[in-house]
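Supplied in structure tokens, the structure appears directly below.
A, B, C, D, E and F label the chains in the order they appear, each numbered from 1.
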Amino acid sequence: MSESVPTVPTGIEGLDELMSGGFPKGRVILVLGGPGSGKTVLASQFLYKGLANYGENGIMVSLDEAKDHYFAEMMKFGWDFRKAEAEGKFGFLDATRLSRVAMLKEKMLKEESSSLRGKQLPIDKLIEELQTKIKELNAHRVVLDTLAQLFYRFLDPIERRTAGVDLIEALSDLGATVLVTTELSQLGLERKLMDEEFLAHGVIMMQTLYSGGTTTRGLQVEKMRGVSINNNLVPYTIDRTGIEIYPNMTLFRER
Amino acid sequence: MSESVPTVPTGIEGLDELMSGGFPKGRVILVLGGPGSGKTVLASQFLYKGLANYGENGIMVSLDEAKDHYFAEMMKFGWDFRKAEAEGKFGFLDATRLSRVAMLKEKMLKEESSSLRGKQLPIDKLIEELQTKIKELNAHRVVLDTLAQLFYRFLDPIERRTAGVDLIEALSDLGATVLVTTELSQLGLERKLMDEEFLAHGVIMMQTLYSGGTTTRGLQVEKMRGVSINNNLVPYTIDRTGIEIYPNMTLFRER
Amino acid sequence: MSESVPTVPTGIEGLDELMSGGFPKGRVILVLGGPGSGKTVLASQFLYKGLANYGENGIMVSLDEAKDHYFAEMMKFGWDFRKAEAEGKFGFLDATRLSRVAMLKEKMLKEESSSLRGKQLPIDKLIEELQTKIKELNAHRVVLDTLAQLFYRFLDPIERRTAGVDLIEALSDLGATVLVTTELSQLGLERKLMDEEFLAHGVIMMQTLYSGGTTTRGLQVEKMRGVSINNNLVPYTIDRTGIEIYPNMTLFRER
Amino acid sequence: MSESVPTVPTGIEGLDELMSGGFPKGRVILVLGGPGSGKTVLASQFLYKGLANYGENGIMVSLDEAKDHYFAEMMKFGWDFRKAEAEGKFGFLDATRLSRVAMLKEKMLKEESSSLRGKQLPIDKLIEELQTKIKELNAHRVVLDTLAQLFYRFLDPIERRTAGVDLIEALSDLGATVLVTTELSQLGLERKLMDEEFLAHGVIMMQTLYSGGTTTRGLQVEKMRGVSINNNLVPYTIDRTGIEIYPNMTLFRER
Amino acid sequence: MSESVPTVPTGIEGLDELMSGGFPKGRVILVLGGPGSGKTVLASQFLYKGLANYGENGIMVSLDEAKDHYFAEMMKFGWDFRKAEAEGKFGFLDATRLSRVAMLKEKMLKEESSSLRGKQLPIDKLIEELQTKIKELNAHRVVLDTLAQLFYRFLDPIERRTAGVDLIEALSDLGATVLVTTELSQLGLERKLMDEEFLAHGVIMMQTLYSGGTTTRGLQVEKMRGVSINNNLVPYTIDRTGIEIYPNMTLFRER
Amino acid sequence: MSESVPTVPTGIEGLDELMSGGFPKGRVILVLGGPGSGKTVLASQFLYKGLANYGENGIMVSLDEAKDHYFAEMMKFGWDFRKAEAEGKFGFLDATRLSRVAMLKEKMLKEESSSLRGKQLPIDKLIEELQTKIKELNAHRVVLDTLAQLFYRFLDPIERRTAGVDLIEALSDLGATVLVTTELSQLGLERKLMDEEFLAHGVIMMQTLYSGGTTTRGLQVEKMRGVSINNNLVPYTIDRTGIEIYPNMTLFRER
């Protein structure tokens, strides 16, 4: 029994109860959601609670927002990442620029040869920078927000999945527990499953539901390898203290 | 706490209440809707209330309508943009011509080489003209109506998203709060999410609903970075004074 | 207030009430419907009432039917267009031939070079003929029936929309109020919006509904720029006097 | 009033009542239905009643069945087409061979050049043979069963629609009233409309419905140019005397 | 009346009652169903009852299963095809090998020229072997199980339909009554119709339905040329004696 | 009767009752499910119970997880595969590396020639290694987890199905009873059937259902050649002892 899967507490109210203790340590968890569902909030709360409550330093790899905007937006929840950064507990990796560079490079490549499209060079470079940062901060928690900004460049489904396998393997080798946010491309129930849902070790889905006349938010732990889960669809709220999950309530998912 | 996200009041009855005060200042908000949903009315009301009530000058970048038609249509709501223009509080940038030029240029390019299709040249020029106009008027509010007229030229999803990243970044750098209207391409609930919904800092959805036997209009603040929102679907009306939103009522969204 | 949008009465029982007086004068209105929905009847009634009741001469540009068939079919409603033509109040532009010529020309072109496909030459010629006819008759109402016969040749969505922008702009410049009929390509509620719905200044949708066991016809004014509208789905009938709309009744649109 | 649209009685129990007297004379009517819906039966009944009750000779152009099989299948309804053929009242044009020839020819062409695919040569030849047969028999009724066997060869939607315009125009010029059967390619309500539905002068839809636990057949006159119609969905049966339609009953079309 | 369509009893409990006596003799019937619906069982029962009860010898052309597996699986129903084979009443044509050969040949061809893809050579050879076997056994019943194994090689819809016309015509010329099983490619009601449903002379659909909490099997005779049918959806069961159909019961087909 | 189909008990609580005793011995069974449905758990339980209760050694061919992770995850259920491996009762074939090699090789090939894409070389090698391992351990149970990791490389549907036929045939020839897990690519009821469902000898579907407000797991034996099945949708649970199936309960499958 000594070799069974260890977990890390998320620090998010109610989430650990859905997963008998927390995320499987050192593995890669996907956080899926539509616009405005709070993916970035959940992932940031995982980082902030890590450094504030569990002494685990963290790194945010942002492909969407510059540092100043990110810091201002997080202050709404009282999470002072700027201070944490100054204290050496938190690192912010601004990959929006990387992402722009990747696009420009790719554009040039595309003009040379269309067969070079989607080369992973910038992803490899990102992983390298991240490895350096992890050592520097002795970080145990990493967030990559958002996968879609890296992956929309791949139109060929084989290259996309190959890159997904590569990235998730590279992230697995970091030693840290990693949350990767990504975007649902389709609203409604008859959605196509994404390759990442199969490739990741865990999947959390965040949705906006229209039950009755009001809008409700629902979260579901879809899979979590090696951990017993409650995979009911449960409500969550976003307020000034972040995300709160209600693991003992259930939601009717209407069609 | 001093660095948290500042907001600007919209001046639209009921809308500020859904967003704890207004739009996040200096950011780019997407207004999504079908034909006849009132996207242009909402965006124009944001401009008119800005200059009439809050002393914030504004600019309309129109890709759809010539100035005379736009002015006549807005008079229906009692908004005298012609007078505001004469007083130096309002600027109208007629980009319908730009859009035609872009098309002709593109047609010629296409005949030369299909790999040049969708070059952003006209978008860059539009941004330059807009920057000049903003300085000239000291404008703090900008509307671009409608994105679809610029973007339908991109068939390659990578180029489209690259252009979206470029445009939203360029609009972010203007210093003004920017509303960008765009068109839903699909009716019904099982819609595909648009890249712009992820790229923009905020998203407002305007819909026509068929509840019971009558047609009701419903608005939803889908996302607004750094601002607490009520994301219920709430009713709105369009009458001779413009758009009015009822933030405390809710709508049943039927399938 | 003097510069607000002027309207023209349609002469169709109940339709003006849905639009606070009539169509916006001099603009282009799209009439969308499935087979047998009565698009041609509605458009013809607009023309006939114009010349009979409001002293406005009209022109039918038909891409579907030859003149004799059209005249015979309209006699069912007691509309004697042959007499009106003899009196110089009505013009019939048989564009079925033009459409055939366009196809043959295109076929030849296609064999030379596929990049020439969909050239607008025949559309330009049609507009010229129409301009001449409008001057000749001093016409204020124009119907183009049906857009689909011109547009199905465009498979490239960019060329199609470019042609749409061109045509609607050209029709706007005619000075007349123009009704353009077109065909819904999809039955059911989850339909894809057509570019023309965004490009036109107004949109009227005509549908056949199956409520209870009987077939009901429903009409909706989807959009009408510069005019206050009731956009409820209301019933209409087609009998020996043409179309009658019931603006104060509503229809349940079943899924 | 003298020039209004003349009609021909169908001779099918209940059908004339849905169309105020019959089909518009000399025009082309589309009969749409799924497998087993009775399209061939309805069209054959139109032919048989024509020659038996109204003195109008008829021609069956069959692309599906050889003459012997067709004759045997029609005997089930007591319609002795073999006798009618012997008496010079009926002609059978076996176009299954033509269709095979067309395919072989096309295959050879395709191997030479893909740009020759779908040439209408066999359709032109079919029309010529039909013209000769019509003169020979002084026929007033023609059935072409089934369009799908001619049209599935066109994959390019432009060529398909061009061929459709050509064929329907050619059939219109025959002087006879023509029924063309075709196949629904999709079951369920959210179907795509077919080009032929817009091109034909009339459309009749035959469907199998599942209301309650039993299977019911429903027919709808979707459109009929120049003729007042009842476009309710009404039940029909197929028994040993052919098709019988119940114009005063209505069917619930379930989703 | 003497030339009306002759039928053959199927020997399947309840099926003949749905078709006023049996299948139309000498024609080609399609049996459509999903995985596990019992297509092979129904077709084998038709063969076994033919040789056991009606003195009609039969041939199974199997593209799915080798002879030993087939014989073992049929013993479950007490149908001893091995014995029947020994007595010269039954023939088993193992076309799985043919199918493999066809694939390998095709692979080689594909490497030479993509325009040779999908050549019917193996189908022609299969037909020849079948003709020989039919003469040898004086067989009146033939089953081909399953069409999908032959047809999935055709990606070009024209070639696929051409092959379908060829195969059904070739099977019609055999003199035997032929059952061809095939696979539904889509679950749910809004399915696309398959070309084979129009090309075959009869169609039987076998489905698994979820009514209430239990799984029910439902069969429908969709079409049967020249034979009066009851096309209700009726229940059937599969037990140790094979398939039993309940022609007087009906099933609610839920959405 | 002696030659009817032999079965092997699965050792999974309740599953054998759905299949009158177990899986058909020596055949290939497909286990289909979404992320988190427990495909790997069911397949591993089949292996573990085989070696613990029935003296049948087993082999896991894993394309998803490395050995250490797999062993740790299985300890959660008390299944000590490490010990079983040490005792020579269990073999673990780590094919994740093989899969990576295959991808790299393929990438190189693709740069040489696109016609070489998807060559089965790595699959052939996998089968060889498996044959060696089976002899070594005298294994009677094999699991391949998961097919999707091998098959997503095939974009050409013909090559994919050809590889499917090859693989299932190769697995059939192993002599062992084989479970192959695969991923559903689509949520919702109107799913497209996968080729593998027709090619495999048996199919088990594992689903997550939303009935009422809670999430329920449902399993269905869709097909099992030569074995009588109960194909109702029945509930199952996953707890610390593995999967338990309730063969006498039924689930309402909501739309």
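Convention: contacts are C-beta pairs under 8 Å (C-beta built on N, C-alpha and C of every residue); 3 or more make two chains touch, one makes a residue touch a chain.
Just so it is clear, the structure is predicted and the values come from calculations on it, not from any experiment.
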Partner chains shared by subunit C and subunit E (touch criterion as defined above): D
Separation of subunit E from subunit B in steps, with touching chains one step apart: 3
Fraction-based call for subunit D against subunit C, same above half, different below: different
Taking each chain's C-alpha mean as its centre, the one farthest from subunit F: C
Fitting subunit C to subunit F on CA atoms, where both chains share a sequence, rotation angle to nearest 5 degrees: 180
Computed distance of Cα centres, subunit F from subunit A, in Å: 30
Touching two or more other chains - residues of subunit D: 189-190, 255
Touch-based graph of the chains, sorted into line, ring, star, complete or other: ring
Interface residues, subunit A side, partner subunit B - complex: 34-36, 65, 69, 71-73, 75-76, 82, 100, 103, 107, 111, 146, 148, 152-153, 155, 183-190, 208, 210, 212-215, 238-240, 254-255
Subunit F partner contacts - residues on subunit A that touch it in the complex: 1, 3-5, 115, 157-158, 161-162, 165, 189-193, 195, 197-198, 203, 220, 222-229, 231-233, 250-253, 255
